[in-house]
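These notes open a run of structures that come right after.
There are two complexes below, and they share chain A, which is joined by chain B in the first and by chain C in the second.
Entry: the complex of A and B
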């Protein structure tokens, strides 16, 4: 039974649809209207505003906070400077992925951790011997995502924080619409965007101020459907969709290492003393089993397939999260080599995008595979080619107008 | 039927006792074309799984009150759904507190998490992990309740094969789970749970599963193991779910009886037996209390081991070491039952309303100290003044159990030791005081309860022994301690339904895999009799 977030009264009021879904125990809007396209295009052409409050959030403080986080996180948090955020993941002792998320360094002894689900039990189990306090602030702290090319202008209108100088993955404290909070240049859309962290009692004030400031810029409140398309374009994996947390896997073989889920880049095996490293060193010696790949489905084949049934190609405005089999090139009679876990038509790129986990030897760029594709229950396959991820990667995502010269910190 | 007539056309098997296991054994034997007679002492079948209308319009599940372990293969084999078996799931496990809203454990994981977070965020995060671990261990243990008890002394290929399969399953658990399994078999319930949780309000109700039907406390070693039994239950393949049978637990017995009758079994009520008839050390039938003798090729007992052997067979007819083991067998009933007919629903003051929180079971188990204190009194032969009570409101799940707007309330109460300090036979003098202690305890949580009561039935373990016949009123036909389970139930060497008396079989909760409305002992005993060509 989902609960309401601090913004429920406003989002419920703005929605003309009644399309809610459960997100980590909270009710979250899927879309505000009958269709999510307007919201999607707001993310790519103006800006979208999302209630991110259901995200699990923790404050980790104390003299050993950095050292402790460096133990449970794949990234070396001891090297994370105040004002910076690191994306990374968390493994169990066998090196299997538990969850992914961000760690923000607010000051040398204060960190904010986000994850897709609750981990307080795990965090506390590994905190013995460290001078560290862990607070689950999920219910106390609201979060908003303001994402899109105009997000900087909109947010700058309500804050003193100099956004032109804030670099990608930066974080700063400041006043937003008159209330104290934090702004980080992070997001789940692969676009220019910010996330805003404020106390729940201030959430409505900030949300409303952003709606007002955003009005001339065509800001739209957005729901999870539009976000899902954007995150697939950005090539981001989602816990529970593209990989199953080792905590929830019932079948041993379904557990993933960071390499298996495309998060190998967050892992530094040179660094010692973090949970899961030993197992991952072994994995590296034997070579990882799986790889996460971005596939582009062959549009001509999709068209031809529909033509066989006398149909025009049908494109859903929604991303698809039903895992389907992937075969080596040649169709469903060939060898099964993995599964496609997320897919979506990209309205911006005009390409059909798929995230898939496949055996390592089929993960090289340019590899041609067959992905199951269904026309009204008729199971067929379409050729998909391994392409570069992220699929969509605009320059504005990382561009900082007043960037400090290289070399200065 | 005259004794003489019976001799001329003997039964293949006589089932002594029409409890759910006896009926199940009869149904399986009849299903295989055997001529079967069930003899029940009371006026109705069901044993401890009976529904009785003791106050006009109000039906009590007199003794047993919920179902979970009833084996799915037996439901299918005996067509129990067609014979009226309907089980609705309990919606919640509620543990009220006097000064706070208490704890509801829900089937929905997120709802559950939010509820536990109010007590401890850490516990809320650990709870699903604990459930997953216990689920894995239960999957290891579960095959044991669907097959013959393993025999560690046998070198027969079939037995070795069974051991190998169990060993393979054990190895497949992995090192961590093997360690956990060993902890589970040796630790006290509370200590075991404290390795996962910190909130006493959560640990207390969880630890109760470990003491039900035993004369042990929540801190006693070995009680952790019984926790596992609660993770083995299922309804329609959904594990851990507990349910209430429409029509009360008597409806389960009635469905099995209907199945047995359809397969051709004969059931005779009001037919108490005096003895199992022996000839040259072999069971050849039974002698009824009215003197009638009925012959049969085999006799299978649905009664508890002590009653079956020490009373119906007689110690003098048993091998001495077998009789000695039986005398050491721990029955020692520790629980009683209070059933109430209510004029209206007695709301909980800390969680008012008739919501989903009361459409499940309610455990009066506010703290582990409360539970241990309850045990302290029982150790020295007194019933607990503030006992552990497990409450179900059957009328909220099945409106047929009470007139419209009225309710019935079923209260399982522990501890009520069979052996009072003043002797078991003094229970009639203490029965109403025991009932008062239960109602007083409940009234602290439900202030209007006392004025809502229209009728009250109080059953001490002594009453259960008198009414239902179970020795010392132990609901499981003997404690479910590890020392009395598997190849040691009821006695080492005699765990496969055979007995030292040729032609006499044991198919009751006192046989492997044990108590609860499971029906396995009856079914497995019948199958073993058929396999051995005994009927």
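Entry: the complex of A and C
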């Protein structure tokens, strides 16, 4: 039975849809209204407020904390400065992906790690030999995501932290609506946005204060459905959807390396001593097998296909997470070359977007592929073209009004 | 080539002398003030030391002599006890109804043990799926040569418990207790634990003649062999780090802060401590780190030393005064003692392994768990001494009059004094999953490690054994090869 987060009474009250889903053992809202479109447009035009508390969170402290995290994480955490956050992933000994998430450096010996699922056992197993303490703080620490172009103004109204000076992937401690917490300029929407980390007992105070501050800006509480569309536009992969954690895979072929899942950029093979490196060095020598690509489906083909059935094209406001086969160009009789793992109509871009894992050979920009598409229970294909990822990448995502001169941290 | 050998126990000494005789420059670093490890004052039995190694290192030239093993006297409260010779003809007179069975048991061992001994005298095969097939096939053929009947019998009894196996052959509980006690050394088992017959066979495969003057004579000869072959012997030099650079061991740092460089490093201390404590964790793949973290090495050994005003005279056979004797009248005594180990308690009835020399007796207790509930304290140490005397009293009524307890070593004391992780004299329990090609793990049993130029050669590595010298000898062959 799902557990309740610290914000359950408020989100349950605001919600008219009674649409809950289980997220990492907690009940989480899918949407607050009959459809998630209003919430989606809040993310892109105003701001959305999401209860992020089910995210797995760990405090890693001690003299060897950075060295230890640099061992289990693909990023070199020893070079992460206080006040900065690094996104990265975690591999098993064979270089297969276990999970992805962020590491925030709060001070040189204190780090907060987030991941999509619980990893305390793994963390502890590999902490031998390091002077380090690991605490699972998922249950005591609430987290809120405030995402959207107006999120800075809304959040600035309730905090003394100078948000104009906070850079992308920065983190700072401060008072938020009168309670102590942390703000990081991170998110899962590919937009300007912040994540707020506070003790569970303070969560309602902050949530309510943000709703009040956000009212003139049309802030909306949002659920996971709107977030899913936004994260596909941003081109972000999701563990369990776009790749399967190696610990859940039943067969070897389902496991992915960071390269396979489009996370190769988080990996530095030159750096020694992190778990999975030796296997990935070998992978690189042989050439990676898979690549994650963004595809755009041909809208005219979708219209024409529906036309054959005498139907108008149907667009779901929801993202689709059912993996479907991808073939080389020419339809389902051609060679299968991968699978489309997430797809969604983008209301902002007016394009049909797909995240797919395909053989390296077919991953080059401009490659035309065939993606399975079902109309009236008949399986057909639509041409998809490999395009740049992220699909949606506004300047405001990284722009900092009071940016420090280059070179200063 | 310059080689650093870490740990100057018998395996470290054997390895250092072997490498030096091949012409390598060898530095032997021992953390304690003296060399020899468990051979210098802890264990008694020397009958597993390999005569081939003694020959190869010319230990006879350094004063080492072998002799037939002394018989073990098994004490009894109800009869004259049992003076057990290994040689079946000598033993026959004492064994009565079991004499014939003992002769045929020894004959069976004589037929099947050469195969086991040949395995102990060679580097373990790689039994992983990626290992080469030919060495396994060779071993398979050698095994096949034992003949159908003996193969069948080995496969039948190997996984069985030693109490069942011995009960099939022998009636005398004293005989069964004596043979079981030997099988259980270095294990975490009782005579009714599955696969204890396998460790019986392993023990038998390693045993032969014993060393005149005991383990200390062996240490003296090995140190002399090291010195004469040019090994630089450095006692009181405990290694705190093995230096690793780009996946290769380059030398060591001692606790004194001294840094020593070498082309190769051979560790003859426990594999777990070597890989988990002496190396920065970044250098060890998680597979091997996991294997070492899961290695079982729960020590059960304690020792009580007595000073004797007059030699011990056993009531069941006055005037015999054997060098070695055993208090365990029935395999069940050993099993009950192990029950206490299993539940982390102090046994109430201690089986004893007594080694008597002029004016002194050293008594090994193999059922004192290092994991004792509440931990070992001065009080529990005292209790161990009292229980030892109490176990002797029925056999030696005047024991409290003639003996004074001079020293009691609990498993924690042994761990500390002899630098043994877990207080385990073999750096890893003997059990089917920690034996042969899996000692200490499938990927580490062939002495090489995932770190280039770092090798393992203690009793925790194939072929193990108490004081056999074989792991050190074989590791030296691997280290010394180009």
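Here is the rule we go by: the second predicted complex is superposed on the first by the 409 of 409 C-alpha atoms of A that agree within 3 Å, B and C clash if a C-alpha of one lies under 4 Å from a C-alpha of the other, contacts with A are read in each partner's own complex, and residues count from 1 in each chain.
In this section, a residue touches a chain if its C-beta (ideal position, glycine included) is under 8 Å from a C-beta of that chain, and two chains touch if they have at least 3 such contacts.
All of these numbers come straight from a predicted model, not from anything done at the bench.
Peer 1: Overlaying on chain A: chain B and chain C, fit or clash?
Peer 2: fit
Peer 1: Quick one: classify A:273 as touching chain B (first), chain C (second), both or neither.
Peer 2: After superposing on A, A:273 lies in contact with chain C but is clear of chain B.
Peer 1: Scan A:140 for contacts with chain B and chain C and give back first, second, both or neither.
Peer 2: neither
Peer 1: For A:120, is the partner it touches chain B (first), chain C (second), both, or none of the two (neither)?
Peer 2: After superposition on chain A, A:120 lies in contact with chain B alone.
Peer 1: Output check: A:247 vs chain B and chain C. Expected answer is one of first, second, both, neither. What do you get?
Peer 2: first
Peer 1: Examine A:215 and indicate which partner it touches, taking first as chain B and second as chain C; both and neither are also allowed.
Peer 2: neither
Peer 1: What is the contact status of A:128 with respect to chain B (first) and chain C (second): first, second, both, or neither?
Peer 2: Touch status of A:128: second partner only.
Peer 1: Using the touch definition from the top, say if A:71 reaches chain B (first), chain C (second), both or neither.
Peer 2: In the superposition, A:71 touches chain C alone.
Peer 1: So, A:21: does it touch chain B (first), chain C (second), both, or neither?
Peer 2: neither
Peer 1: Between chain B and chain C, once the two complexes are placed on the common chain, what is the minimum CA to CA distance in Å?
Peer 2: 5
Peer 1: Touching chain B in one complex and chain C in the other: list those residues of chain A.
Peer 2: None.
Peer 1: Would you mind writing out the residues of chain A in touch with chain C in their complex?
Peer 2: 67, 71, 92-93, 125-126, 128-130, 272-275, 278
Peer 1: Which of the residues in chain C end up touching chain A in this complex?
Peer 2: Residues 246-247, 276-277, 280-283, 285-287, 289-290, 293 of chain C touch chain A in their complex.
Peer 1: Would you pull the chain A residues touching chain B in the complex into a rising list?
Peer 2: 1-3, 22, 24-25, 118-122, 124, 136, 247-248
Peer 1: Hey, which residues of chain B end up touching chain A in the complex?
Peer 2: 108, 110-111, 113-114, 121-126, 128-129, 132
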